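Right after this note come the structures.
Each of the next two complexes has chain A plus one more chain, namely chain B in the first and chain C in the second.
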Partner chain A sequence: MASHTITSRTPGVFYHRPSPDADPYVTEGASVSEGDTVGLVEVMKTFHEVKADAAGTVSRFLVENEDEVTIGQDLVELET
Partner chain B sequence: MRARSGAEPPRPGSGGLGSVLVANRGEIALRVVRACRELGIRAVAVYSDADASAAHVRMADEAVHLGKSAASKSYLNGDAVLKAARSAGVDAVHPGYGFLSERPAFAAAVEEAGLTFVGPPSSVIATMGDKAAARALARSADVPVVPGSDEVASVEDAVAAAEEVGYPVLVKASAGGGGRGIRPAATADELRTVVVEAQREASSAFGSDAVYVERALQGPKHVEVQVLADTHGNVVHCWERECSLQRRRQKILEEAPAPGLAPAVREGLCEAAVRLTREVGYVGAGTVEFLVEGDEFFFIEMNTRIQVEHPITEWVTGLDLVAEQLRIAGGAELSVSQDEIVCRGASIEFRVNAEDPDQDFLPSPGEVTGLELPGGPGVRVDTALMAGDAVPPFYDSLVAKLAVWAPTREQALARGRRALAEYRVDGLPTTIGLHRRLLDEPAVVDGTYDITTLESWLAERSR
Partner chain C sequence: MSILVRDPGLETTVQDTGRLGYYSIGFPPSGALDSFAYHVGNALVGNEPGAAALEAVYLGPTLEFTQATVIAVTGADIPAFVDGAEIPLWESVAVSAGSVLSFGQLRAGARPYVAVAGGIDVPLYYGSRSTYTLVGIGGFQGRALRAGDELAIGSDARDPRAGRRVDPDDVPVHPSTAEVHLLVGLHSYRLTEDSLARFTDTEWKVTPDANRVGYRFRGAELEFVPREQPFGAGSDPANVTDCGYPVGSVQVPGGVEPIVLLQDAVTGGGYATLGTVVSVDRDRLAQTKTGDKTRFVPVDLDGALSVRRDRHAALDRIRSALA
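Presenting the complex of A and B:
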């Protein structure tokens, strides 16, 4: 099994879920297809979905919900 | 607290404020700090991790740390802001715009803490923040609202309602919002089909088939009136601002006075704004927003705070609106009467946002490596951004406002072109180039633009 890391295309604040009361987009152990949304980054009051750029199984999140992230920062690790 | 000439120290509500917590960041925090300093008020800034060395912090008398960089952990955290106000021992809290400025619960908490909220009473913020309540209040103050019906029970009810408000109409879902569940109809026949569709759609989308009918405006102008009200019952207007150049309901360029506005409409707008301000028991600086189409105008909402675009009103009236807010909060009467507020010349504001207009206005935080600000006659720049500063990704993209003034609108346009040509920001894309192009557009030059103009123009350019 190889691993793949999804990174942030923009600086901002990372969220696991589309809104505070909603379920997370994905949880550890979930399988995702390429193009699936795995999180959200808020930058300057706009929200940008983080898409999986490979298919695989979510092995772990590398940032917590509401963590500040920088451009290019590792967000989610997949097993491909 | 500082003592004034041989008298008692100032107390809130009687003789002026001694100290103010500035509960904001960026250019508006700096604007409030500056007004405080000119009035001899101690200004206490607040800041997040990202803003530890920001200009509003450096220029304040004191500063209190709020929390982490995310807005929810700092400037939007009412408890942290209130704690900062208590620890700094201030008399009042100025909320600026955005963040906590229009949250009734925050204003109420400030009041309950025995401090002065620089703005209207929390109950007024709550009323004006409720669309239906604000609309009802406007009606009772004899201020026109966009003609519309109550919920309609049947197709024929809808047709009768449409006859009354006038075609073309929009059928809207009562439970809808954000533009969803809206359908146009130009004739009664069209309406009969549309109502059935709208009820079906509303039922599945919102769980309620309640719909109502509203007049469809065809490219109205957004014109707003600045008002001031003190605690002694004085209410004045400070004339209007034209703010139709908008993208996704965000204003980008504003001017005062509104070009091409018929004198009777202008008078009607300003008087209506004063009536509404009185009716709701308003205190402080506020803005009453209208849509104007032909000779008709309709109230849309009231912003219960200082506005981003207040400098253009300051240019044409000579007033200092933030100083007026602070004086009013300290219990003073307005410094001017209605007769003394004269609109002179023309002013235009250009919002400089850290966004890339060539990439669908993608937010562009980052470091400003070089900066040259415009200057000279009739030029004002409100900004907290200095060369070497970074624009953090956590807050609004507005980084500066350029506002020019000249004796005539034509001269103000020329001055705007000149100042925009001088303005240079290196390191990140901004909206400065967009403004340069807009000032060559015929609809902008002749002042005939409406709320649809900017978006159509952008759509055409991207094709």
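Presenting the complex of A and C:
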């Protein structure tokens, strides 16, 4: 099994879920297809969806909910 | 002749030199935040100085050109591609009918600008094509671009030509700690002496709340000189009786997280203005992003005017070289 890392395309604050009361987009162990949303980055009061750029199984999150992230920072690790 | 928006990027807007002359009735100017990158882009594609261009932030848009034209990408350091082949920044490039401009991951800076020969042809609103998204006026339908939008391109390019190139020495670098000059006042007396010194000594970090309205920073707490608030002022020690806010002015509500107001900001209010960023240095601020650092370097009025004069002279020199 190879691993693939989804990185952030914008700086901002990372969220696991679409809104505070909602379920997370994905959890560890979930399988995702390319193009699936795996999180949100909030910047400039707008929310930018983080999409999986490969298919695979979520092995772990590399940032915590509400962590500040930079461009190119590793967010989610997939087993592909 | 038009541009088809395939992917809008994050918050891409049409901007020009701004809607000047209405500040006194509460109308901020809008316009390109990085004025230098915007003006040089127009010079590269052979436009008149006020032609409208596209300002993007963090993520570049994906744009298709319906006819052959000349474009230039300036501002942030970001890989740009025409039909998948990387193109140089700060240089005019010919594109064919059906060509697609796209962008990679930002390397440095924050805002790329796309200038097109003839300019973006949206209606003038109060003398400007700049978008002011907060109230939905100007630009393309008063808003940021969306996928599927079709932008008309103007036909009055002065001298479109590919292969114009900015001297590498004139291309701004975007360090992760930007220095901007600050003219201290009018209400700097409201801060304690220690706090005013702390303000200019601190490396302030750009928070995620940083857009065309203003930039909010984190890094230190500031204290105000205790006083009984005057008539008309609010109870926050950062409050004064309402006054006008210069574009680029700095306020610190509650003594935490200073805010620099930019081109889409409110024109007045009741927070003490600690100082104002020199107008040409807003270009540098516009190229800082969330997580970058900024230092405010105090200057007096003569110093501020000299910074502005030098930057205008540099722009004139670059325009002559590209003519």
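The definition used in the following text is that the second predicted complex is superposed on the first by the 80 of 80 C-alpha atoms of A that agree within 3 Å, B and C clash if a C-alpha of one lies under 4 Å from a C-alpha of the other, contacts with A are read in each partner's own complex, and residues count from 1 in each chain.
In the analysis below, a residue touches a chain if its C-beta (ideal position, glycine included) is under 8 Å from a C-beta of that chain, and two chains touch if they have at least 3 such contacts.
Predicted, not measured: the structure shown is a model, and the values here were computed from it.
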- prompt: Can A:Ser33 be said to touch chain B (first), chain C (second), both, or neither?
  reply: neither
Task: Please name the chain, chain B or chain C, that touches the greater number of residues in chain A.
output: C
Task: Using the superposition on chain A described above, determine whether A:Ser19 touches chain B (first), chain C (second), both, or neither.
output: neither
Touching partner for A:Arg9 - first (chain B), second (chain C), both, neither: second
Task: Check whether A:Gly72 is in contact with chain B, with chain C, with both or with neither, and answer first, second, both or neither.
output: second
Query: Which residues would you name on chain A as touching chain B in one complex and chain C in the other?
result: 10-13, 43-46, 68
Complex contacts: residues of chain C adjacent to chain A: 10-11, 57-59, 105-106, 208-211, 289-291
Residues of chain A touching chain B in the complex: 10-13, 43-46, 66, 68
Query: Taking the complex as given, what residues does chain A use to touch chain C?
result: 9-13, 42-46, 48, 68, 70-72
Message: Quick check: in the complex, which residue numbers of chain B touch chain A?
response: 68-70, 72-73, 354-355, 363, 365, 393-397
